[in-house]
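Chain nomenclature is as follows: A, B, C, D, E, F and G, assigned in order of appearance, with residue numbering initiated at 1 for each chain independently.
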Amino acid sequence: MMIYTPLGIVPLMLTFAAFAIPLLTLIIKKKWFYHLYALLFSVVALCYTAENFWLVVYGVKQPISYLFGGWIAPLGIVYTVDGLGAVLGLLIGIDMVLIVLYSIWYMRGEEGIEWYYTLLLLLESAMIGIVYTGDIFNLFVMIELLAISAYGLVGFYRHKREAIEAAIKYALIGATATTMFFLSIVYIYGTYGTVNMADLALKTRLPWITQYIPQATMYFAHLSGTGYGNPIVATAIAIALALWAFTFKAAVFPNYFWLPDAHPEAPTPVSAALSGLVVKMGAYATIRLLYTIFGVGSLIDASAAGGWSLRDVILFIILLLGAISAMIGSLVMIIQNDIKRILAYSTIDHLGVIFMGIGVAMHGVSQAVVAIALTGVVLHMINHSFGKTMLFMASGIYIKNSGTRDITRMRGIGRLLPVTSLVMVVGLLHLLGVPPFGGFFSKLLIYNALIGAGQVAFALILILSTAISMLGYMRIIVNLILPPRPPELIGKARESIPATTILSVLTAIIIIIGIYCLTGGINTLQAIVEPSTTLKGLVQYIDSTFSTYMLPK
Amino acid sequence: MNLSLMTAYVVVISLYVNLGIALYGVFARPSLVKKLLAITILSDTANAFAVLVGYRWPASGTPKPPVYTNTTFNNQTLHYYVSHAVDPLPQALVLTAIVIGLAVTVFIAFIIIQYYRLHGTVDVRKARR
Amino acid sequence: MISLHDEVTLFVMIVFPIYLLAFTLYIIRAVRGPTIPDTVLAIDALSFDIAAFLALLAIIYQSPILIACTIVLALWVYALDIYVSKYFTAEEMGD
Amino acid sequence: MVNLKSAIPAMVLSFIIYIVYTGSIGPYDILTGAIVAVIIGLLTGAIVVKDPGKTFDPRRLYWLIKYTIWYFLVAEVKAHVDVIKRALSPRMPLNPAIVRVPYYVETDYAMTTIANSITNTPGTVVVDIDYDRKVFYVHWIDAKTSDPGEARKMISLEFEEHAGKIFD
Amino acid sequence: MILNAILVYIGEALVAIGVFCDLAASIGIIRFPNFYTRLHAATVGTIGGAVLPLVGVALMALGADWLGNYRFFLAGASIVAGILILLLAPVGSHVLAQAAHRAGLAPREPIAFDHLEEDRRRGGKE
Amino acid sequence: MRASELFVLVSIIVFIFSLAYITSLGGLGQLPPVNVRLLAQRYLELTWNPLKPFMSSSGYESVTAIVWDFRGLDTFFETAVFYGAIIAAIAIYRGVKISGKGRTTGMSPIARTITRLSTILIPTVAASIALHGHLTPGGGFQAGSVATVIVVLIIMVFGRKALIRKGMTKARILLFRSLGLLGIGFTAVAILLAGTALGLNAYVFQNQPKPFAPLGFPKLYDGMILGGSLLLFNLFEFIAVTAGFTLVLLLLSLGEEEVRGVVEK
Amino acid sequence: MIEVFTLAFLMLVSVASVVAAYLAIRERDMVKAIVYSAIQSAMYALIFYVLMAPDIVLVYIPVSVGITPAVLLFVTKKTERYDGD
């Protein structure tokens, strides 16, 4: 038997590092120490996530799990990581290292840097916990940890009125949403008698899944029984309440209004982290809820007389919400003047696209199309994460140099900062989906999946929102790069070596993604994430949680 | 209708009404402090609901808290305990949720004070003008 | 001959409705109380009485460990008194 | 600095409370109780105990016990009966007033004992206190007199005698 | 055995008195005209209605041997709670009355005379 | 304004009635049931079970066992959430000098004396709750929040400056907070570290020995139930929670004139 | 018999909690609203007690009757006492 300690230790280690900071502040007052401290721990976390990725994809070649306290599955908390979780964990590791590096440059003059890094470490710990966890209540706790560190970081510029207002709005609505998620967990526990994801996935598919994993069924039934009450209605209300929280986290249509306030007002590295990673956690949780737990063949997937099952309805609602938020994001984007607000609305647009990809997998859609859709979703998450991180960082350089966020007031600054401008253009093209870059492939995959599922109207909305968002991106280019150089900034605005180095690394990553996709990387990615949608992958997922029962009694 | 079932319904319905009152407070009251108060009521209500889900009424005797109180241990005492104690898991979950709710409350309180220092009011409608 | 156990249960059953009546009256005063001190006073008396009542309930539910709650209730209600009155007497709550 | 002499009474009190609250005298309880008592005694001894010599004086303990018994069996019962009569009688005879009641004890503990005794007997509540001039302002539900000396005799004389013997 | 019964009966008697005090206090708190007079009713509620029953419960618990070993915990915790209420409740009433009088929160009528108000006027403070 | 309020009201009423309808349809089964769910029965069986030494926790109390042993990770991160809230609050007040100099008004002498007396009573009760967390209801958080009463009382009755002058400066409270949290963390990984040193299998948050992972905290010593890691967790959580609440209340009670110049710019 | 009393007690307590919560939300004076929410919290604590959750009562009373009103009163003292309208 193998114990994958690196899997269990990552979020714990990061939180532990955050716990130690107040003690260190009493001994060490130097600022550079905290920069290095955060960098050290994010690099260690990157190493661990990379090791987990390697284990899942190349080493063991199936989901791996870690038992906390040595307790078997529904009794204790289990981390179960399949391909999807491993990919996103690696993404978080890489991105957070870049963000910490950028913070070293951007936050160098700020006061209270140790508290900033404490919250940033907690944020990273929460995100890694979310993608690794195999327990739905642990997911709630990690979402709250994510939320509280995000609120704190948004309100970090305490003397800015807008920042405090954004933090308060974010926090109030967020607290309501997560309470609803807790209520949803109560319904799930009340109905299924368990809070473990693999166990739930098994229980929702009970009669027929017995033939594939009879032992696991037996063991889970021995430990947590079968259902209680009328599962379908309780499940419906549980999913509705959970989606309230997840759409809030992901800033999708009815709950998107906090994002355009919160993201721009945070310090720029935090904006990069929020837009690049934090909103993806809502999408990830939605995938886990609707693919792993209440996925294909579960009891809400049984179609009624009209041919529509409950799951179809929910997925269609998700599709619709995704389409609406894509349209809203791209439409509002073109009338904004604040550069960070433009990027924030662009995030809403892209999250809409991701949710459209999630909503494809309805009844009757072939397995191949669903796999393509999920691959597109994950690839889009990766693309958008790097692209948006890069754009926010580049805009942060503009803001540091010009002292304003209004694009009409920083006209022509791009000419003074040629490297940054080049990076900006690359990033915009990447997000827009222009062929050599990675963004193209992910949008193409989602488009293909939508066409393949017969949702032509939504495919058109995808195209339309891309076209509209092009206008918004063009306004940045037209205002910043094309006009002549502003005289008052000549000599003042300078490229700085650390920031441009990070931007170059990101550019290289983006170009590598593009080349990788061109040379067949899509198939590799599909092979990694496809198991999350298939029966085989599901059986592996449950089996990995269950296999720890192979202990002698 | 069973008597204890009726209890459950009375409690459940009043909890739902509280949930509604709290939601109304969050969305419709202008003062930020009142919104915060409403959020605490909301999370308390969710917690109460969770504990209610874990309640039981055993076939004989009264329910017991989930604490093993016999100083001796044998199969009989264990069976008595298992057949009378209420569900400990929702209680543990609620314990966690209460602390989390308190953390959020404390944070929002601090940030409301900061908001007042900057805006001079805690009324969202006045602040917008 | 009725056993001591049943006798105690019977006694608590008789006492119970009186307690409920008293609580209802306290709650009415707490809700109606024209001024804030009235409300706080009613909560105060109500909570101390509830503390005693919880101790009785611990006996009839035959779960002695439930008693731990009473002391907490008494302590925190006293703290409520203290800070409500501090609110009205001091310029800053922390002075 | 930590005063060991004044810590000992605090430790004893803490240990007694710990054991009474725990309600068992197993080795675990005594061990942890002793540790807790030592820590709390050392931390709070200087704050709580001003004059450690007085605490273990048997005469003071005797007066304390005598006072407790007398207070609960006589003073409280009389006052309770009086207020309950007023509350339940249909006419509700009330004659409330706030009256000055001077006191002549020295220490804080004695003063607090008197004040708490006054408040704990229904019918009289200490509304305010003038610490410099040593006067309580007592809200009296049935004000028989407005003269401070008379009022002191009626309300607090007996408490004061005992409190002075216990704490001064 | 007899000792148990005696303890239980004394405890019950104390609880019964406590319940009566409690009811009287709640009636008083409803009927009395203003805050200061209600304070007296509340004192009946806390001392007669809470401390006395807690002591009674402690005695009952000592006699109730069907409760198992933890009955000593019940008795001890009740006693400690009683002592704490005895110490804290009067302070609570006192600070509440003080705040009400200083800030003028509650109407003082009916009142025969008010030395505190006079002294405060004369002292010119607050 | 009226229309939007009405909309909110109507949608909330619809929401409530749908929830109530669903519950009355039996979405959760009969309430309250005669038997608890099977998982809960397993928890109850395994809390204190000398017959299954490899599959049981180490205290009498099921809730504490779940909170710190079966689902210790949740509680660890819950502590982290509270820590994050405190850190965010400190970040808002960064750069503020907290001093104990100056006059305090405080409250009446009667309240002062009683508060002085209760500095013995309340922490004793709190310590009892913490140290018996594995035997009777209670535990670290409960005890910490009981001990907070005395902090509240000192801040209200004597004033926050008295608290600072007695030695509870911000740095010292942060030290206690950090020590408590690090204690929790080290307790969580203690068995893992020991296992790594000895070359044995071990888990994070391990309390009692498991099959294949033979190390564990002491459970019984000479008839005393020690509770293994539960006792240590409760103790450290007690320290951490008390310090955390003290810090929160200290920051909340700062006077505006001390703060205003720094946090507004 | 105990069942009936549990029923009666739960009914009284939950109805009282609804009344207190309604008043807490509708009341314009924040101090009063906080005190009402303390009543509501005390009632919930009784619900928890009757539902046999002593651990939760031990956490819930300090948090909801004690610390939350304290925090809210601090906030109210530093900001505005009356809400809107």
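Side notes on the structure shown:
To be clear about the criterion, a contact is a pair of C-beta atoms (placed from the backbone, for glycine too) under 8 Å apart; a residue touches a chain by one contact, two chains touch by 3 or more.
These figures come from a predicted structure and were not determined experimentally.
Fewest steps needed to get from chain A to chain D, stepping only to touching chains, is 2. Taken together, chain A and chain E share the touching chains B, F.
Chain centres here are means of the Cα atoms, and by that rule the chain farthest away from chain A is D.
Across the two interfaces under comparison, C-G and D-F, the one joined by more C-beta contacts turns out to be C-G. Per-chain CA centroids place chain A at a distance of 38 Å from chain G. Centre-to-centre separation between chain B and chain C, using Cα means, comes to 20 Å.
The geometric centre of chain A is 30 Å away from that of chain F, both derived from CA atoms.
In this assembly, the C-alpha centroid of chain B lies 39 Å from the C-alpha centroid of chain D.
Each of residues 2, 52, 54-55, 57-59, 62-63, 66-67, 70-71, 74-76, 78 in chain G touches at least two other chains. Within chain C, contacts with two or more other chains are made by residues 23, 36, 40, 60-66, 68-69, 71-72, 75-79, 82-87, 89, 92-94. Counting partners per residue, chain D has 17, 21-22, 115-116, 126, 128 as the residues that reach two or more other chains.
Pairs of chains meeting the touch criterion: A-B, A-F, B-C, B-E, B-F, B-G, C-E, C-F, C-G, D-E, D-F, E-F, F-G.
For chain C in complex with chain E, the residues that touch the partner chain are 4-5, 7-8, 11, 15, 18-19, 21-23, 25-26, 28-29, 35-38, 40-42, 44-45, 48-49, 51-53, 55-56, 58-59, 62, 64-65, 67-68, 70-71, 74-75, 77-78, 81-82, 84-89.
Chain G makes touch with chain F in their complex at residues 54-55, 57-59, 62-63, 66-67, 70-71, 74-75, 78. Looking at the complex, you find that chain A touches chain B at residues 137, 140-141, 144, 147-148, 151-152, 155, 158-159, 161, 164-165, 167-168, 171-172, 175-176, 179-180, 182-183, 185-186, 189-190, 195.
By the touch rule above, chain D contacts chain E in their complex via residues 17, 19-24, 76, 80, 83-84, 86-88, 92, 94-100, 115-116, 119-128, 130, 137, 139, 141, 143, 146, 148. Residue ranges of chain G in contact with chain C, taken from their complex: 1-2, 5, 8-9, 12, 16, 19-20, 23, 29, 31-32, 35-36, 38-39, 42, 45-46, 49-50, 52, 54, 57-58, 61-62, 65-66, 69-70, 73-74, 76-77.
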